[in-house]
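A, B, C, D, E and F are the chain letters, set down in written order, and residue numbers restart from 1 in every chain.
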Amino acid sequence: MKILLVNPNLTQAVTDRVLQAAQAAARPGTELLAVTGSFGPQVIGSRAENALAAHGVLDLVARHAPGCDAVVLAVSLDTALWACRELLDIPVVGMTEAGLWTAAMLAPRFGLLTYGQRLVPVYRELVEAAGLGSRLAAIGAVDMTPEQTFSEPDRVQAAVLAEAQRLVDGGAEAVLLAGAAMAAMAPLLQPALAVPLLDGVRCAVGLAETLAHQGWMKPRVGSVSATGGRQAHGISPALAALMARPHRPPHA
Amino acid sequence: MKILLVNPNLTQAVTDRVLQAAQAAARPGTELLAVTGSFGPQVIGSRAENALAAHGVLDLVARHAPGCDAVVLAVSLDTALWACRELLDIPVVGMTEAGLWTAAMLAPRFGLLTYGQRLVPVYRELVEAAGLGSRLAAIGAVDMTPEQTFSEPDRVQAAVLAEAQRLVDGGAEAVLLAGAAMAAMAPLLQPALAVPLLDGVRCAVGLAETLAHQGWMKPRVGSVSATGGRQAHGISPALAALMARPHRPPHA
Amino acid sequence: MKILLVNPNLTQAVTDRVLQAAQAAARPGTELLAVTGSFGPQVIGSRAENALAAHGVLDLVARHAPGCDAVVLAVSLDTALWACRELLDIPVVGMTEAGLWTAAMLAPRFGLLTYGQRLVPVYRELVEAAGLGSRLAAIGAVDMTPEQTFSEPDRVQAAVLAEAQRLVDGGAEAVLLAGAAMAAMAPLLQPALAVPLLDGVRCAVGLAETLAHQGWMKPRVGSVSATGGRQAHGISPALAALMARPHRPPHA
Amino acid sequence: MKILLVNPNLTQAVTDRVLQAAQAAARPGTELLAVTGSFGPQVIGSRAENALAAHGVLDLVARHAPGCDAVVLAVSLDTALWACRELLDIPVVGMTEAGLWTAAMLAPRFGLLTYGQRLVPVYRELVEAAGLGSRLAAIGAVDMTPEQTFSEPDRVQAAVLAEAQRLVDGGAEAVLLAGAAMAAMAPLLQPALAVPLLDGVRCAVGLAETLAHQGWMKPRVGSVSATGGRQAHGISPALAALMARPHRPPHA
Amino acid sequence: MKILLVNPNLTQAVTDRVLQAAQAAARPGTELLAVTGSFGPQVIGSRAENALAAHGVLDLVARHAPGCDAVVLAVSLDTALWACRELLDIPVVGMTEAGLWTAAMLAPRFGLLTYGQRLVPVYRELVEAAGLGSRLAAIGAVDMTPEQTFSEPDRVQAAVLAEAQRLVDGGAEAVLLAGAAMAAMAPLLQPALAVPLLDGVRCAVGLAETLAHQGWMKPRVGSVSATGGRQAHGISPALAALMARPHRPPHA
Amino acid sequence: MKILLVNPNLTQAVTDRVLQAAQAAARPGTELLAVTGSFGPQVIGSRAENALAAHGVLDLVARHAPGCDAVVLAVSLDTALWACRELLDIPVVGMTEAGLWTAAMLAPRFGLLTYGQRLVPVYRELVEAAGLGSRLAAIGAVDMTPEQTFSEPDRVQAAVLAEAQRLVDGGAEAVLLAGAAMAAMAPLLQPALAVPLLDGVRCAVGLAETLAHQGWMKPRVGSVSATGGRQAHGISPALAALMARPHRPPHA
């Protein structure tokens, strides 16, 4: 089984970190292909960068999904998640969404933790759009940047642990680390926390493997069915071709 | 990996059907142990039977979970799901809940389909308690009994397919079959439906394997942490011992 | 009029306390019968104990409801409430639910207060399942056990009062004491609090008397109508007989 | 015990019908005082009439509540309910609200039925403001006027029964008749319906008796506590005096 | 274009302040007519005063709306908003509602700030009734009265600013000042706050101008369509005539 | 005042139609600049096209917003709305969002009508994300394409009118036409419908004029404040420069 890990920003260090976490999570026999965006935002830390990255995600999956069995969006805002599901015939899993479903099987209410107050409202919108707002205890943020994860790992880890503990004190019965740069941090900090500390990449790899193994059909009607035959211009040939391919039911 | 399949009602034919679906779903190397209730309702088709079956579920897991890596509740009302999570140190997955998380990764809104109008409100309560009410398009019911699944399979399948189509026409982009006796029916009917037809047992086995593989810690504080040291009387020695075991953090 | 008070745990002191509160609340002419569980958890302080107690509740009502005009569930998690309503032909009122309806007539938003942080999420689930989540200001907990109510009454009362005040400061315009062992504590502490302090037993006895007096029909269709003719094994003859009785409309 | 029934519209026939239903519902020893508005709308069938009737309700309670133990708002839009609770020191119960709490103890989901499509959105707003929107199956309407209840009782009753049945077919497990002019209709039609048919006046009288008997304190802080010392002009002396009375805690 | 500003309380200073804010907001060519209640509460600071003021609002619009192109309710509880919409054929905008729609275009989540804890629950009810509860970060209150706005402006402004900052610290990305007496305070305090500080009067004047310019039809069916032909007694001739006018579609 | 109308798809006929509707709506003195996408989807009729169009929207505003006083997103999925608000210092209004706020001032509950069942779930997600889900009566769709609006105007108009009537029959008290190609259709069909028929472009132009006139500050903190100093590659110089501009408070 081959899983595509899509990092739409332009920072190879994040892709490397994601791949490291994914390798630790994958089952034997799962092959991983991690790709980095070729245009768009250097890092995604704002609404505009996230909107722009949607194009990057679509471009990456158009170029690299052929030959894969599932896709993991290794971007913690699950950028263009449903667009990818519409466009592709294989399962697509967002790393934060995967963390939510996993948390929901471990704890009645859970917290989410990210970099910077700025994105807290954006994550709340994401959780509510997923429909799990009633299961969310709170969202916490550390006053650090993804870049500091690499330059000052000890300080970031200490801040993440303190904020996770604050979420637990406030009623969270599990904590999801949201931020691709936080991938691989969970196992390091888990021993110091009394509730499960979830890493979205680990969650997503497991769910992608599971969905690919189960082989559910893709909807042939409705808002995520393949459109086929759509025209777009000024984009990569791979993406234009994917949008323009004839409408064929995926399993027919 | 060894997964326990728990059917708390007293009908072996349902357990057999569940085991058959689970075997088709399990990965190579997964061992399955399917157990049937020894007291309680013959079948679960009402609120009282479901409430009574909670004792049966606890009793079955107390007797059979030791040595297993995960538990699947093979009862479509996910009876005593959080109680089992509190009581055990291994992952526990409910079959309908598993169907909901899976559906949520395949379709923006989905329908659920069961036996008899009587349980429709009960399933709605279950979906809302899981926090996914906003993702639910509708709940449908066929005017048949679980028993007829075995005695009149063709009629039940025709009715299920017609009702599933009605849900699709009303906006469901995936359909979950809720009813342990419906296990194994999904692959038969899928070719005739344009959206994914999900079977909770298949979903649950996959998620149980995944959680067991990932090895998340169980919460050591909060409403699903182990209590330890609790007294109960007039119940099986296995269950009494499980409730009374000393409070020890699971991973310490 | 005769009202059955059902305490499914095995602690007679709790039953006594409930009966005392119920007697203070009952109208002249109301006869009270308070019964204690004969198997199951010694006290209910966890999800597993609550799930197990459902069997105890059903067993108690099967044995003692005949001849009564209404049932009050004297267990603050309203264990098996809808199962009892399905099974019996007389009104059934849960003590916490009764407190919620009463609070809703006294205050726009109200708080709930219980023993131990562990059950806070469980009570939130209960309030949301009742549909009154938008009326809930907050849930507070004292770091005490039900047992301490009897052994250290002064400390428990001081803690309850302080936590109730904290709820009021946070916007609660009434406070419901949730915990059967707290029955009878409300009148003692009320003089020191500026908002109504509600006791679920008092609320439930009043509502049970009212429903029994009004004589509403039980639904003959739907998810709480009598099933009749159901088989169960390994349970008390009284409960088995109640579940197996022929399906007859209650008022026909 | 003396209960004030407040009909703020100017139609004595409605007051008479309400009093008849209340008398059938009241316990022995309960005295009933039914009063009719002296200014405002002849009947309440629109948003403007309801807004205007709020003044009438306040005026009636200012003049008649002294000496009473509880108030029932015998107007199916529960006009000025929380304003009365703020203004008075005795319990106040709205007839539709009372029907909702009662229905919530009899059925997991219930319907509401009224006169004319025009008020359907208004009742939905009322149910949602009470916080019980998730328990509402649907709202039905008969294409008749309150006046026809008196002039063409047979036609109105047939239409009400047909619409109630439609609500049941759609999933309602109890039906509340909302409309003061429908008071007393429930017992006539109940035999023909398979789920409880609730009359708000009956429900409200029972709850008012219960609250008055229980004697809960009125909040002394918050949004329904007495204001005291408020000035208003151009209104009846009784209402002006009630608003201007010194602020005194009700039970001090 | 002529806009009617309706202040139903009896305090001319509030009307003057509202008019001042409206003049600063209005476009060239917009004529403003500000009217003050002639009966009812001196100020509106409680549920009963608000309920009573509904009559005052209806009376004022009946007497002054003829000849106007739109109405602004210059009372921060948007008293009788939908009743006015039903009664009149011109657009009606509530000042707090207008602030909510405006805030919703500037900020994902916003706070609301008012005088006194007492009204905090009432504003929450208003926001939830408007359907925007999920966009509300929090409601804050200063422990001051509307009267102090005129007698101690510096102290009130300092308190408002401090509380607005507290809302921002808690996640509000815009703050709406709710209270007619706060009109005109926003521009003074805005320089000291990092998020938009909204004044409901300014918002409402702009929206009223816009709706009047756009000329949308009033619904001719449903819960806000004109009733026509309704009888009411003991009210002003203007209001009685407005309610009694023949039912005629507004644009026919 | 100059307003930028942004149509991110590549179909000039849609831009022309939008401009026509905007001109009919704009106040005297308002200058309109309508721009069409230069890359991306030919038309937006799917999730992938909408995700891709986000880049196009950002590119268009980066190139054309300088010198404008407000932006209207003339794309009925309000593509990249909050990203634009973050990126720009002038007001940005989405055409469907504008229709929702306007509908909310005209009708308690409203319907939305679009092209094709496929987008119905997407519009529901949009309304719920805006926080107005409780005000939504239903979403209807005509089985036509935007292209047919130009090639078969009579058939499309007949279908739209029939579907709008169906929404009214189901309880909608106003109807919003969602689809940029439907701009200008509302005035033609309004005479045949009994509730307001809203056109998002008309609504958005009015609100954009109003916000620009009012001159509210943009948030300087939080999730829509300017980021400044962000790097992105492979995009137009205008967009790269806008993202990279130094972080300066907009009004300082």
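Heads up, the rule we're going with is that contacts are C-beta pairs under 8 Å (C-beta built on N, C-alpha and C of every residue); 3 or more make two chains touch, one makes a residue touch a chain.
On a predicted model such as this, the values are computed, not experimentally measured, just so you know.
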Residue-number overlap at the subunit A/subunit B interface, same or different (half cut): same
Farthest-lying chain, centroid of Cα atoms versus that of subunit C: F
Listed chain pair B-C, C-D or B-F that repeats interface A-F [over half of contact pairs the same by residue number]: B-C
Centroid spacing, where centroids are CA-atom means, of subunit D and subunit E in whole angstrom: 28
Inter-centroid spacing, subunit E versus subunit A (mean Cα positions, whole Å): 44
Distance from the mean Cα position of subunit F to that of subunit C, given in whole angstrom: 52
Subunit A residues counted as touching two or more neighbouring chains: 82, 85, 108, 120-121, 125, 128, 134, 171, 173, 222-225
Arrangement of touching chains [line / ring / star / complete / other]: other
Inter-chain touch pairs (all): A-B, A-C, A-E, A-F, B-C, B-D, B-F, C-D, C-E, D-E, D-F, E-F
List of subunit B residues in touch with subunit A within their complex: 25, 27, 82, 85, 91, 93, 97, 101-102, 104-108, 130-135, 168, 171, 173-174, 190, 194-198, 202-203, 206-207, 209-211, 213-214, 216-225
Complex contacts: residues of subunit E adjacent to subunit C: 120-121, 124-125, 128
In the complex with subunit A, residue positions of subunit F that touch it: 10, 38-42, 45-52, 54-55, 57-58, 80, 82-87, 117-122, 125, 128-129, 222-225, 227, 230-235, 239, 243
Residue ranges of subunit F touching subunit D (in the complex, touch as defined): 108-109, 134, 171, 173
